[in-house]
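Chain IDs A, B, C and D follow the sequence of writing; residue 1 opens each chain.
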Amino acid sequence: MSIDTAELPDAEGPEDRPAPAGNPGWLSEDELNFVRGRLPVVYVEAVPVRLDGLGQVIEVGLLLRGTPEGEMTRSFVSGRVRYGETLREALFRHLENDLGPMAFPQMPATVVPMQVAEYFPMPGISAYVDARQHAVSLVYVVPVTGTCNPRQDALEVTWMAPSEALAEATLSELPGGRGALLRQALAGVGC
Amino acid sequence: MSIDTAELPDAEGPEDRPAPAGNPGWLSEDELNFVRGRLPVVYVEAVPVRLDGLGQVIEVGLLLRGTPEGEMTRSFVSGRVRYGETLREALFRHLENDLGPMAFPQMPATVVPMQVAEYFPMPGISAYVDARQHAVSLVYVVPVTGTCNPRQDALEVTWMAPSEALAEATLSELPGGRGALLRQALAGVGC
Amino acid sequence: MSIDTAELPDAEGPEDRPAPAGNPGWLSEDELNFVRGRLPVVYVEAVPVRLDGLGQVIEVGLLLRGTPEGEMTRSFVSGRVRYGETLREALFRHLENDLGPMAFPQMPATVVPMQVAEYFPMPGISAYVDARQHAVSLVYVVPVTGTCNPRQDALEVTWMAPSEALAEATLSELPGGRGALLRQALAGVGC
Amino acid sequence: MSIDTAELPDAEGPEDRPAPAGNPGWLSEDELNFVRGRLPVVYVEAVPVRLDGLGQVIEVGLLLRGTPEGEMTRSFVSGRVRYGETLREALFRHLENDLGPMAFPQMPATVVPMQVAEYFPMPGISAYVDARQHAVSLVYVVPVTGTCNPRQDALEVTWMAPSEALAEATLSELPGGRGALLRQALAGVGC
């Protein structure tokens, strides 16, 4: 499994869903490219988990995606926050886009994230790299209670035990430094 | 509505439920009184809330209890952690005791609490007072999705908008300094 | 004391400090206006506090600023994160700009904020309003150990006891909904 | 380097410092043994770190201790909270006991811990084991700015880069499951 940083944090190209005409939050490809070189872009990311009856994480969900080059890569639920959109709306939209309408995520009661990740196009500034942009990402751990049917370009959600998700082999499949991010996010829920 | 600090954080007298013979975690009234004067006692407290579809708190639940003296007082879900019991087990047990078996609480994915409250029998050490003991309480905000039917000595769960829960009149009905604690716990979820 | 939402979160006009030629993070006034209407802008805000020897907050610092219209208004340390700049660099830069070089802030060990505030130009979407832009602000409580000499347009840092900072009279002097934000941020440190 | 779970979380035997006569918080060895079998004991633990000018963790401190059996083991700053003592007082006392009076720790502005660890005498209940007791431990990451001169039974504080502290070889030297705890605590500060 190879690593393709160009494909992430999400696969909006330019946007995952058409928006009403005149919506300033929806950007053409040119506009998106322009602002991406001028401002840090706000992202939300979510690590889907399943809990037992006492709230302990028993499974971690990772998305499997194919890149345009035909390679497979793992990722979180992820996407940018549009102009005029709240963090909660963006988080819900991306959860629905990536996990399908029957995932029934338990939306967090607080918008304070579990972790904050800073992605830069140039390596070395932080632990996280995104070739397309400087992104500031608020990372949540989101329990889901329903059935995940990935839409868009994600092929499937792979569920695994926390120990498997934290194994070096899995962490190394997450591009752009997200292996460390997954480790940190799961640490916050005692894994 | 008067304030009776002797009745709280919970109404275990000596224990809320019989335990199997020989269980070292179950204490007789004498033993409980002895250890209460020797060690800080670990508590869990929970503020029940209802969320909208995006995770925003729309209602806050407060328990209404009658004291032995016939007075009414407000409280959280609350109780001590027994020897050999995990925090999650204690939290779940007290949620069930205080809200009934049909409340369907969303147990937190992390045991890191929203707030920590320190109760002392003598006023002035911290903002929180408990005449019976020195208690260290881990405070959670817990979304509930079902129906609450208080058991034990709680008369009812009163649901109110966050703004009403945060009104001075409500906060002052919470004994032992818990008005400030409610304010802090709700601040953590953006209220 | 009046409220002028147009002046905040910060007073960059267009930018608080010249940047090297060709720096894509430094925006002309036109560019800033364009992107502000297209993307949420990442902000950092800091509530300066003084701690006693055990870490308890004993004083809260609020900036007093004069608006171009000659009115006085209270604010936090605040400013946007530039393209290519880390959150820590932005936080440090704005602390130094607003408190002076001798404030000696204790930079947080974690970039996970105490609160996240979402500002919108249109009221009603969230509790926070900023006429200029949609901003997502990461809010920190930052202990300072030195002497504050506000630079730029801030007239002074007013230090007050937490109870005074939380008094209705003070909270109402903070524009754009930041009264609630101050209350929430201080709740996180037990005030 | 061997693992001796009986020696930790701290080396109070029965108490690390004499207390004034009649202090109910100071327990004789018999009393401590009695209550340890009846109630969870409240602990505070601290991972000492050094920060760079922007708040980033650059070094992690681990205590090296000799056990009564002459073996070496790594540990955090750690100890119980006495009756009548606040969490801040206990944290400060144990930091001073374990790091010496010139360590100048930056006490946390909040008592909400970075992690909560639950130790049980019997393995399998949680990830953490303490042969002596059921302990609920509030774990903090504490920046120190001075010089550490361990007192009591600690031989030295070893400073190492975060990557070295997180190496499997180091984590496995921490007894009672504290390797996972160190990983989780450092995750909270972005390591």
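Please note the rule applied: a residue touches a chain if its C-beta (ideal position, glycine included) is under 8 Å from a C-beta of that chain, and two chains touch if they have at least 3 such contacts.
The chain list, named the UniProt way, goes like this: A, B, C, D = NUDIX hydrolase family protein.
Note that the coordinates shown come from a computational prediction; the quantities given were computed from them, not determined experimentally.
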| item | value |
| --- | --- |
| Any chain in contact with subunit A as well as subunit B | C, D |
| Which of C-D and B-C has more C-beta contact pairs | C-D |
| Distance between the centres, which are taken as Cα means, of subunit C and subunit A, whole angstrom | 28 |
| Rounded Å distance between subunit C and subunit D, as computed from the means of their C-alpha atoms | 36 |
| Junction residues of subunit D - those touching two or more other chains | 86, 111-112, 115, 188, 190 |
| Residues of subunit A touching subunit C in the complex | 24-25, 27, 31, 35, 37-42, 81-87, 111-116, 118, 120, 122, 125-126, 134, 136, 138 |
| Interfacial residue positions of subunit C with respect to subunit D in the complex | 49, 51, 53-57, 86, 88-89, 92, 106-112, 141, 143, 188-190 |
| Subunit C contact footprint on subunit B (complex, rising order) | 115, 127, 183-184, 187-188, 190 |
